[in-house]
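Notes follow once the structure below has been shown.
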Amino acid sequence: MADLKVDLGKGLTLSNPVMTASGTFGYGTEYADFMDISRLGGIIVKGTTLHHREGNPYPRMAETPSGMLNAVGLQNKGVDYFVEKIYPDIKDTATNMIVNVSGSSVEDYVATAAKINELDSIPAIELNISCPNVKQGGMTFGTDPKVAKEVVSAVRNVYSKHLMVKLTPNVTSITDMALAVEEAGADSVSLINTLMGMAIDARTRRPVLSTVTGGLSGPCVKPVALRMVWQVSKVLSVPVVGLGGIMNATDAVEFLLAGASAVEVGTANFINPAVGEEIICGINEYLDQNGMNSVTELTGALIV
Amino acid sequence: MADLKVDLGKGLTLSNPVMTASGTFGYGTEYADFMDISRLGGIIVKGTTLHHREGNPYPRMAETPSGMLNAVGLQNKGVDYFVEKIYPDIKDTATNMIVNVSGSSVEDYVATAAKINELDSIPAIELNISCPNVKQGGMTFGTDPKVAKEVVSAVRNVYSKHLMVKLTPNVTSITDMALAVEEAGADSVSLINTLMGMAIDARTRRPVLSTVTGGLSGPCVKPVALRMVWQVSKVLSVPVVGLGGIMNATDAVEFLLAGASAVEVGTANFINPAVGEEIICGINEYLDQNGMNSVTELTGALIV
Amino acid sequence: MADLVVESLTTMPNGQYYRLILRGESPLLDCRPGQFAEVRIDQTDVLLRRPISIHFVDKERNEMWLLIQKAGKGTTALSSIQRGNRLNLVYPLGNGFNATDNDYRHPLLVGGGVGVAPLLMLGAAFRNLGVEPTFLLGARKALDLNELDEYEKFGRVFLTTEDGSLGEKGFVTQHSVLSSEKFDGVFACGPTPMMKAIAQYAASHDIPCEVSLENRMACGIGACLCCVEDTRNGHQRVCADGPVFNINDLKWQI
Amino acid sequence: MADLVVESLTTMPNGQYYRLILRGESPLLDCRPGQFAEVRIDQTDVLLRRPISIHFVDKERNEMWLLIQKAGKGTTALSSIQRGNRLNLVYPLGNGFNATDNDYRHPLLVGGGVGVAPLLMLGAAFRNLGVEPTFLLGARKALDLNELDEYEKFGRVFLTTEDGSLGEKGFVTQHSVLSSEKFDGVFACGPTPMMKAIAQYAASHDIPCEVSLENRMACGIGACLCCVEDTRNGHQRVCADGPVFNINDLKWQI
C-alpha cells in the first residue's frame, strides 16, 4: 500500500488525490448509497452563488460522442441557504468538503467567499471563474487574465483558507490565465471546466439545449484537458488539480503524470456512482505495480 | 432530387456542399478506388508549404475517445514540387481542387499563394493560419486577430481567386478571428481545424506522440465545431464552411443548420473511404424528405 | 447498483418493443410502482446510462421486468443482449406513484405507447390492496399493444388504437369508458400530449392525477440537475423528486 | 471495401490469439503475401479501423484467414464476433513481400509472436513457385505457437520458445539452423527487437532481408501520413510504401 496523501498547501491536505468535481456529485449525500464518500480525497460541492438561482430552462443536457453537454446554469439556493441548511448536514463528512463559488460580478464572488470563510469545516473554496461577467458584457472572468486577476485578488483579500481557482479551457492561452491567477494569490488551480459546445437535432432543426450552447464534458475532452494540465503545470509554482474526462484509474494516472497533484472526477460519476472509490484503488495498484512509494512521485513524472 | 449546388462566391461554385478536408484525403487519388471522387463538391488537398517539409517524427497518431490526435506536421514536398509533379496529375479531376496553403512566415504564405494563383485549374486556396509563426516566437497566426489580418491581407494582394481562410478553434473568441480575416479580404472562412490535445501512455509514462501535443479531430470535436460555426455565421457576411467530426449526412445537416454553406469531411474518410459520396446522397434524401428544393434553404435554418 | 442476469428477451410483435426479464443473484431490492432503473449499456459508444421504468417485479422468481422501445442507439444496442449476459442497473430510483398510500377505489391507469411500462406493476399493487384497477391503454396500431393477458390478471383493460385495429379507434382520451364510468384517481404515463389531455380530463372531473415524466437524465440520482421540470416549487429533479408528479404541481397549460 | 462473412472463429490455446476465417460472397480480390486489411470494428467505441495482415487466402473456398492477437480494446471486441456476422474490410493494402518477384532458392521466413501471420501466405506462395521455404517461428512459450501443421504443408518448420517448452530454447536469432544452413533471403515479421536482430544476421551474412513493419495507422491507404517510417528516402508511408521494407532502406541501427 503506497502513500496516497497529497498536500495541496495552505491547510488543504487530501488523504488521496481523488476528488469529485463540482456539479456532478451534488453535496455528496446523493452518492452515499454507492460508496463510502468519506474515502474520497475531497468533495467539491455544487456551484454556489450569492443569490438563489433557478438555472436554465429544460432541456439542459445532450449526449454527444463520448461526452455530454450541460446547461444547468448554476441552479442553487444561494450561499445563505447553503450556510444555514446544507452546511450543518455535510460539515461532519470525514473528508474535505470544498465549496465551488460562482458569481457574475466581483462583488458577488467576494461576498460569497467571505461567508464561506466563516465555516470551520470548509477548508477550501474552488473559485469558478468561467461564468459570464455581467458588468463586462457577458465576457467571462476566466478568459481575460486582467479580469481574472482582479476577481482572484479581491477574493483573496476576504478568504483566508485554501483558494483553488478553476480555469476554463475556452481560451487562447491557458498558461497566461494560470499565471495571472497564481500572481493574484491562488493557492492552487484546477482545470479544466467544460468546453463550450452545441448540439442540434437535425430532425426538429432545433438546438437540443434550451440555451443553444452548453458545456462539454466527459472522455471526449480528455486530450484537451491533459494538454492544458501539462502546459500549466510546467509554468506554475502552485499545485495543479487536473480534470476533464477521467473515467478510470488509468486516466487519473495520466493527469498525474502530466503534472497534476490531484484530480477531480466529474461525468464519470453519472455512469458509475462508485467510480471515485475504484479510482483510488486503481491508483494505489498502479503505484504498487510500479514500485512507487508515494503518489507524489507520479506528479509530473512524464518522460518527454 | 433537390438542387445541391452551392455558390461560395468569387468563382467557387460547388456541385454539392460536401468537400474533403485537407490532410485527410491526400490528393484525392488515394480514394479513387472507393468512390467517384469527381462527385465531391471539392477536394482540399494536403497542406502545402513553400519548401519541402519532412514533418514530425513517428509516432504521429493516437486514438482518443471518439477521436484521434495527429502530429503529421505538414509533411509535403513544397509548392514547386506540387506545381510541377502533382498538379498535372490532378488538374483534370472534374471537381474543385483546392490547395491548403500553410507557412511559418507571412513571406512564405505569400510566395506559396502567388505560385498557386498561376494554376488555372485551382479555383481557390484554403489558407491554414493555425501554424506557428516563427517570426513571432511560435504563436500561431490564427490566434491573434491582428496577425491573422496581416497574413490574410498580404495573401489577398497576390491571390486573385477564391480565398478561403481556415480558422483554428484554440482561441478565446472565434468571432474576433473570423471578423478579422473577413475584413482582411477572405472570400469565405472554414472551421474548425484541430483542437490542441495530448495523449499519454500510462504504462510507459511517455506521451504517445513524438511531439507531445497534437491536433484532435473526429466526432469528439463536433460539439465545439458546431458551436463555433453557429457563432461565426451569425456575425459574418461571407460564407462559412463547417467541419469537425462530421461522420454522416445527419452531422453534415447539423452544420448547415448551424449556418454553414458547405462542409468538409476529414477523419471520417479513414473509417469509411466512401463516406463523402454517402453524405452527398444523405443530404439529398434529407432535403427530399423535408420538402426542400435546394440545399441553400438549410444554411442557417436552425430554429432558435 | 447491481448486476442482474438476463433471463429472457422477448421481442414484441411490432419489432420495436422488447421485454427483458432480469434475474437477481441476490434478492432484488424493494421497488415501488413508478420507480425506474438506470441501465448501463456496455460495449457500445453509448456514454450515459438510460432510464427505464420498472415494468414489473416477480418477487417469487426474484425477477425484474423491463419493457423497452428501440428509440435510438442505446435501446437498440441493448436489444441484442443475450440470455445469461449481465446488465448493470442502478435501482430503484425516483419516487414512484403515490397511489398505494391513498384510498383509491376506482383508479384509472392510462398508458400510451411504451409508457404502459410502469402501469403493470402499479396495477398489481392496487390488486394487492384489494382494489381492481382499470387500464386504459392506447397505441397507434394493434401490434403496439402487447402482453394484454398480463394486465388482465390485475384489472379490466380498455384499449384504443389510432387506426382502429384494436379497441376503440382514436386516442385514449376519446375512449367511451371515460364518460361512462367515474374514477377517483388517474395515473398516467406516455407521450406528453397524451398526458396533458388526460390531465385535462382529470381536472375537469376533479379527480387527482399523477403523471410520470420522462425528462432527459444524466445521473438519475439527483446530483446533476439536468433533468429538471419547472414546477410550482421551482425547478424540480424528475429523477429524484419525480418521475411521478401530481399535475397540480406542474406548470402545464391544461 | 467489402463485407466478408465470418465462417469461423477459433481461439488458440493461449487464449490470446484467434483465427478468423472470412468468406467472400463475391470472389475475393487478389492479395499478395505481406499485404493487409483494414478491419472496421462496429458497435464499440473503437473509432479507427485496425490493420491486420492477411494470414492466408484459400482461393478454392473463397476464404481469407486472419490471425489476431487480443492486444487492446479493438482486437478484444472483435474476438466476440459470431459466425455469420459480417466484417467490413478495406483490402488488399500495402506492397507485400517482394519475395515472389525474385529468384530465391532457400528463403528463410522468420516470425515472432503474432507476427507469424503473413508468413503462412508467403510460404504458400514460395511453395507455388516450386521453392521450399524454411519457417523459423519463435514465441514465449509453446502455447503461443499454433497451426504448425499449416506451415508444415508448405515448408520445414523450426521453432524456438523463450522458456524452452517447444523447439530450441531462446530467441529465433539464436536458433541453430541459422548457423547450420545457408539461406539466400530472409523475410521477417514480429516485434521490432526481433526484426532488428534478424536484420543484423542477414546483414552479416550478406543476405537480402525484408521486414514487415507495424506502425500505427489512421487511414491505411496512404492519405494521412500518420504511419511514416524514417527511411533513407525520407518519411515513407508504412501503409502504402510498405508495410514491407528492404532493411537497406531503413535507418535502423544494426
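Per-chain numbering from 1; labels A, B, C and D assigned in written order.
Here, a residue touches a chain if its C-beta (ideal position, glycine included) is under 8 Å from a C-beta of that chain, and two chains touch if they have at least 3 such contacts.
Everything numeric in this text was worked out from a predicted model, so none of it was measured.
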Set of chains adjacent to chain B and to chain D: none
Interchain centroid distance [CA atoms averaged], chain B/chain C, Å: 47
Chain C and chain D: spacing of chain centres that average the CA atoms, whole Å: 54
Mean-CA-position distance for chain B and chain A (Å): 34
Residues within chain D bordering two or more other chains: 45
Shared interface positions of chain B, touching two or more other chains: 65-67, 218-219
Chain contact graph, described as a line, ring, star, complete graph or other shape: ring
Pairs of chains in contact (touch as defined earlier), listed by label: A-B, A-C, B-D, C-D
Touching residues on chain A, where the partner in the complex is chain B: 64-67, 69, 143-144, 170-173, 195-200, 202, 204-207, 212-213, 216, 218-224, 226-227, 230, 245, 250, 253-254, 257-258, 286, 301-304
Sites on chain D touched by chain B in the complex: 1, 40, 45-49, 90, 215-230, 234-235, 240
Contacting residues of chain A [partner chain C, same complex]: 23-26, 30-31, 34, 46, 54-55, 57-63, 65-68, 70, 72, 75, 218-219, 267, 269-274
Chain D contact footprint on chain C (complex, rising order): 43-45, 77
